[in-house]
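Letters are used for the chains, namely A, B, C, D and E, taken in the order the chains are written, and counting of residues starts over at 1 for each.
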Amino acid sequence: MQELMLAKAKELLQNGTVNRVLGWQAGEFVYDITPAVFESEQDLDAGFVYNEFCGNNLSKYLIKESRKEGKVLAFLKPCDTYSFNQLIKEHRIIRENVYVIGVPCEGKTDGETLKSKGVKGILGAKSEGDELIIDTLYGEQRLSKRDALTARCLTCKSKKHVVYDELLGEEGEEVPENHRFEEVEKLEAMTPDERFAFWRGELSRCIRCNACRNVCPACSCEKCVFDNPASGISQKAAADSFEENMFHIIRAFHVAGRCTDCGECSRVCPQNIPLHLLNRKFIKDIDAFYGEYQAGEDTESRAPLTNFTYDDVEPSIVYKGGKK
Amino acid sequence: MQRIGVFVCWCGSNIAATVDVAAVSEALGHEPGVVFSTNYQYMCSEAGQNIIKNAIRDYQLTGIVVCSCSPRMHEATFRKTAASAGLNSYMVEIANIREQCSWIHKDKAQATEKAIILGRAAIAKVHLNAPLTAGESPVTKRALVIGGGIAGIQTALDIADAGFEVDIVEKQPTIGGKMTQIDKTFPTLDCAACILTPKMVDCAQNDKINIFAYSEVKEVKGFVGNFHVKINKKARYVDATKCTGCGECTEKCPMKKIPNEFNLGLDNRHAIYIPFAQAVPKVATIDPNACNMLKNGKCGLCAKVCSAGAIDYKQKDEIVEREYGAIVVATGYNPIKLDDYDEYAYSLSKDVVSSLEFERITNAAGPTGGTLLRPSDGKHPHTLVFVQCVGSRCSAEGKGKSYCSKICCMYTAKHAMLCREKYPDTEVYVFYIDVRSPGKNYDEFYRRAVEEYGVHYIKGQVGKVVPRSDGKLLVQGSDLLANEQVHIEADMVVLAAAIEPDKSARPLATMLTASMDTNDFFTEAHAKLRPVESPTAGIFLSGACQGPKDIPDTVAQAGAAASKVIGLLAKDKLTCNPCTAHSDEMMCNGCSSCEKVCPYGAISYVDKEFRMPNRTTAIRRVAVVNEAVCQGCGACTVACPSGAMDLKGFSNSQIMAEVDAICKM
Amino acid sequence: MQDVNQFKPKIVAFCCNWCSYAGADLAGTNRLQYPADVKIIRVPCSCRVNPMFILRAFQRGADGVILCGCHPGDCHYTTGNYYARRRMTLLFSMLDYLGIEKQRTRVEWVSAAEGAKFAATMNEFVAAVTQLGPNKRLEDLRCKN
Amino acid sequence: MSKYDREQILRTSGVNVLKCMRCGKCSATCPSYDEMEYHPHQFVYMVEKGEIEPLLQSKSLYKCLSCFACVERCPRGVEPAKLVEAVRLQVIRQQGMNHLKPDDIPALLDDDLPQQAIVTALRKYSK
Amino acid sequence: MKKLPVSKIQELFAAIRAQQTLYIPTDDASGQARYLPWQEGMELTHALNTVRSAKDFFFPQTENLVEFKLKGKEIEIIDSRTEQDDFVIFGVRACDARSFTILDKVFLIDPIDTYYKNRREHGTVVTLACTQPEETCFCTTFGIDPADPEGDAACWIAGDSLYLKARTEKGEKLLSALDNLLADADEGEIAAQQKATRDIAQKLPFAKLNLAGFNGENLNKLFDSKKWPELSEACLGCGTCTFVCPTCQCYDIRDFDTGHGVKRFRCWDSCMYSDFTLMAHGNSRNSQVERFRQRFMHKLVYFPANNEGEYGCVGCGRCLAKCPISMNIVKVAKALEGEVQ
């Protein structure tokens, strides 16, 4: 696939369709991939890569890139295309300035995931059939590809591209049986005390590095309320457990109905807080209360929170359980 | 830092009996920023107001808090007081210590404590208040009426009568609407044309009224008092200023097998046509889909016969741009399509007709010249079955409309009655679910049909209509009162089709940012109290576009809409509510969330150039609130994730300051 | 008569100007009693209430927050309470998910004519929150004196 | 008893009888109308009123062809045929034990028996 | 040098805990290594290092400085500091141990940061030599020997024994209080383990990372490099690198209005944030490329230029593992190598 993408990128650069390419750049090891803009064929040859470690969602970069001179080629994975569509809907990306090529994704892995499986000192990796052969400081290790998948890829909702100008490889399909709400359900089944304890344990680790917010394609505000002293709720490092709760509740609320469930927030969290469980709770509730809705599936529909029906459920559904 | 004055009212004993007012004014006097605090028996009295005025002057107050009754009672009073002392009236806050304190508590200590807290909250808010000035916008003294049926005509006439200019935009070649197709009107049985056509002529002759027939609204910009509208005048291929309506062309035109819309396709017209004799404007129109000259460049006969030289095959659609202060929607209704009701055999037999088709068949100007004849064979029918509620009151999905179409009971009674009157040899059956006849002389009318004219009313619905080879229609229905299934061999079946809003209404509503219900009827601003206004300021509703209506109701509503328009156009300037939303463009992302939740269409977007670091610039899409249209609900402020959108008078920081003051531990 | 140490909850009630605030006034006019623990903040419409305000109230020491607006369909601004309904449903569900007692938050539709409902609602809500005891899960210790 | 029957019938049929607006279109469209003592609209009305006993006793139950014309035509989505079916089921259940057990069926099969009858038998008796 | 069997390590912890609070790196409920106060039965983590660095002990994420209260027209000023008890941090790796030296150079020079100093004086650092470095480790670049860590006392695990050696007075004091648990040992007993670690260190991918040209002399050349825009292009502007970094020491001072007064506190800040250098006149670093450059220029050029060649980095590798877009100090250093040769 990487070769196919390289050839396509070069072709489009050559014929002037685009003047630069947004893709992934190889790093020092196998897993430290960096999103990058390539402006020439030499750049592409020097660093362009596409493999099972290219997990970054590139869509958010297009807010900036689509406002530059000329057209940019963007390689988007299925889940990136949902974010892309959502950003189009919110007028954050100038569609005409982007040439989207959909690229297939079989699920990604990353350094953290491999390390969590007990792999130490990763130097390189290559794929062989269903296995990943990892070269480490302490010898070679093998891991089945399924085991190497990141948590978010295990509950992948769709391998279909919802938007593209051109598609490379086979088009995938939505994955209806993705079980992505299982963890949410598990939490819902707990008692409030248990849930509170769980979330305190998780959120108290937050160091407010803002990686979740800054990587999130839905968090595209020019200035975040939490950075704006005039908002009255600005904060830096959480100085009280309340502020930890506040930041994450409000952030989840602000992206509710707009979050495409790409999973970047949990991927980047240096403290490994399962932030996607907050967003998924909103997605699950929205599906249950207002009908199934997938943010980013299209560019026209009204988001659930800017929409209503006359007979929506009453808020009492939360504390009375089902009473309309 | 504000200099705040606090005025605690006793309200006689209403407050003072339960709240220690002296303690309240004493405690609030120590709050930061408070430079004056007092209490008085009746703050709203002249003496009380003078205390406030004097304090504003003597202490150079920049904000005041009145602890008194509900702001719904005296906020306006104290705002005026402040203004008369030179303080901006929006620098006033009321702490409601009567309805929400003294009157609901008995324990004096508790009530006093609560009054102090409510006072603190008001003080906290005043600290963040900013002077607000109500903006003004000019009013263009001209109204647009969209739709030229009886609703639009009546509205236009009434507005013109008050001396204001009105434009009527009608998509058909003539104004008049559905009423032109109707034969007689219930419950008086006057001839519809006799009462309608004079009004049409009045419109044409009134120099305040300008008719854009064969035209459609293409774009609406602006807001109340200042709408900019683009109207597309479709090409008629006839110069309306030259055409005399003599009709020479329509007789000579060789293309004469075009189904006549006016008679619902029951007969034919020519490619160049005048819909009916009393059309206004009485100008011929060439149907571009039928005219051989326009399609193939061959013919040109009409141009040859036209002595006025009015034919212009090169005519193009023309966009007219006009300014209006108010817009009235009068887009009316249509009967639903009956093709899906195969149980009634509508698409199988020509003798199963809709009620509107039946109107044409019985109309003297109709295809049969007013003689009741079966469409299939032109024979006189002896047995007629009327079926009510076809497609109305259907809650089952996909089967019709959930609402009652309101007019069918009465016109069916009219049809049945007229049949029996003109042709006593006919048997007329009406299948009904309920007969709904609430209206002046309506029930009497329906009873006359039964009692005087011997129409057979059967409580029940028709299950199926089967056309037989001998031309009869076998009607199978149930008679619920007799508890039997009845079978009638009918010659004609007339279906009272449900009515629905015109298809053009939905896109129009989008252009107008006027809200609609799920059935595509326009929503009124208040179901009871503002029935002819749309929630969108400056948009008014007339006739069946708002809900099913008969002619008397439509005319009444048309007049009401006109009076609302006149009230608006009579003003030179509109004063805006100053508590409006406003967007901080430095923070706005242009994401459109706010626009989606705005019920008034007050938010639009502009691409704006911003200075960026290092002497660069960037163009960003940002929201702009039209303060003349915004009503200050605040829905947008919560939809906005970045907090760029805020509401004057109820800003985020003001409300949070109140929260802080109330919750202080 | 009353135990001085008995827990007195702090309740913030956001009331829309057109229906619920008027309903509260009517409760007053009719002298219908409800605890002084309830303090009302007037907002133009229930859709003006930002989740931030609710969290802020808890941070600053509130034990319960109730939002009152016009009945669905009766909104002065036609659609405001429909949006408020969705926002609050989702917010409350999230608070519950985080293990914060859901009984501390509520939405009630109170019309301008429902003074009695307003008083009854407040009595009932105050009783429910009193039973829960002080808010511990969303408090900010720094705000304690 | 009839109250219990009523609840059972409503539950098994899933019909909301209160949606009926008494237009009679079900009966107007019913091909078995003349054969029936109680007509489709009466089923709806009688179930609503709780007059179940006469229905249970009536032969009308077995006159319904399950052609679903009434369901198709009903403007309110009431679905009278489902109600008739539910009443029928109620009678069958009241008759006590199952007439047939699935294991008994193979022995009773003969080649002339229509396939549909077997399926219907399973549907009706094996619950 | 002293030793005790590794099997008796819990006894050692109990003995330390008997005197003062003891923090050890352990796996928390979510399976991540972090420092927690030792309680009976708490085990050392098997992870090489904690997710967060050890700088929290001396420079916590947030810290109250002072409080103001309004009393009528008077403002009362209240010192928020509480008595700091003695504590021991066990198991600090060589890289993190060196980070304290770097932090000292910031906080303990005049004007001395008394909040930091107070904590530093009460803390005893017991380091633990590495045995299995990771691919992201490059401490040797900064002259750190993972097999011979600094600290008030150092430990090695070799075979079945834990070896301990005091390096400072504080360390001496700690070990002498534990004397009854410990047996004497010879330095030679750990030599094999040390060699093994050093051998691995030699084979690490960044073992040959060369920072030779990164100094004050090349400041302008590096500052003006054309590579910065490209390097910073994908940077999200989050603070992950700075917050996981053991040597990043920038903070913001903020006021929190409690309703009764103001609590003034400091909290970690990041030079990656857009309001980091926001001042009354505006912001001197308006773009992410400037902010990005600042962070690396500070660590690789400004800091050594002002601190006798000591870099503001200890090669712990946390930023390499945690950066959401995998841009880090090693990639920057390698990219800029050419500018200074």
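What we mean here is this: a residue touches a chain if its C-beta (ideal position, glycine included) is under 8 Å from a C-beta of that chain, and two chains touch if they have at least 3 such contacts.
Since the model is a prediction, treat every value here as computed from it, not as a measurement.
Apart from chain D, the touch network of the chains stays a single piece. The minimum number of touch steps separating chain B from chain C is 1. Listed by label, the chains that touch chain B and also chain E are A, C.
With every chain reduced to the mean of its CA atoms, the largest distance from chain B is reached by E. Of all chains, the one whose Cα centroid sits at the greatest distance from that of chain A is D. Our note on geometry: chain B versus chain D, Cα centroid distance of 47 Å, whole angstroms.
For the pair chain C and chain D, the distance between mean C-alpha positions equals 50 Å.
Chain A and chain E have centres, each the mean of its CA atoms, that are 30 Å apart. Centre-to-centre spacing of chain A and chain C amounts to 36 Å, using the average Cα coordinate of each chain. Counting partner chains per residue, chain A has residues 225, 232-233, 239, 305-307, 310 touching two or more of them. Residues of chain E in contact with two or more other chains: 256, 259-260, 263. Multi-chain contact residues of chain C (touching two or more other chains): 51-52, 56, 60, 79, 83, 87, 142-143, 145. The chain pairs satisfying the stated touch condition come to A-B, A-C, A-E, B-C, B-D, B-E, C-E. Interface residues of chain C, counted against chain B in their complex, comprise 10, 12, 17, 21-22, 24-29, 31-34, 36, 39-45, 47-53, 56-57, 60-62, 76-80, 83, 87, 119, 143-145. Of all the residues in chain B, the ones that touch chain E in their complex are 30, 32, 612-614, 660, 663-665. Remark: chain A residues 67, 89-92, 220-225, 228, 230-233, 254-255, 302-303, 305-307, 310 touch chain B in the complex. On the chain E side of its complex with chain B, the touching residues are 70, 72, 259-260, 283, 286-287.
Across the interface of their complex, chain B is touched by residues 19, 21-30, 33-34, 39, 41-42, 69, 73-77 of chain D.
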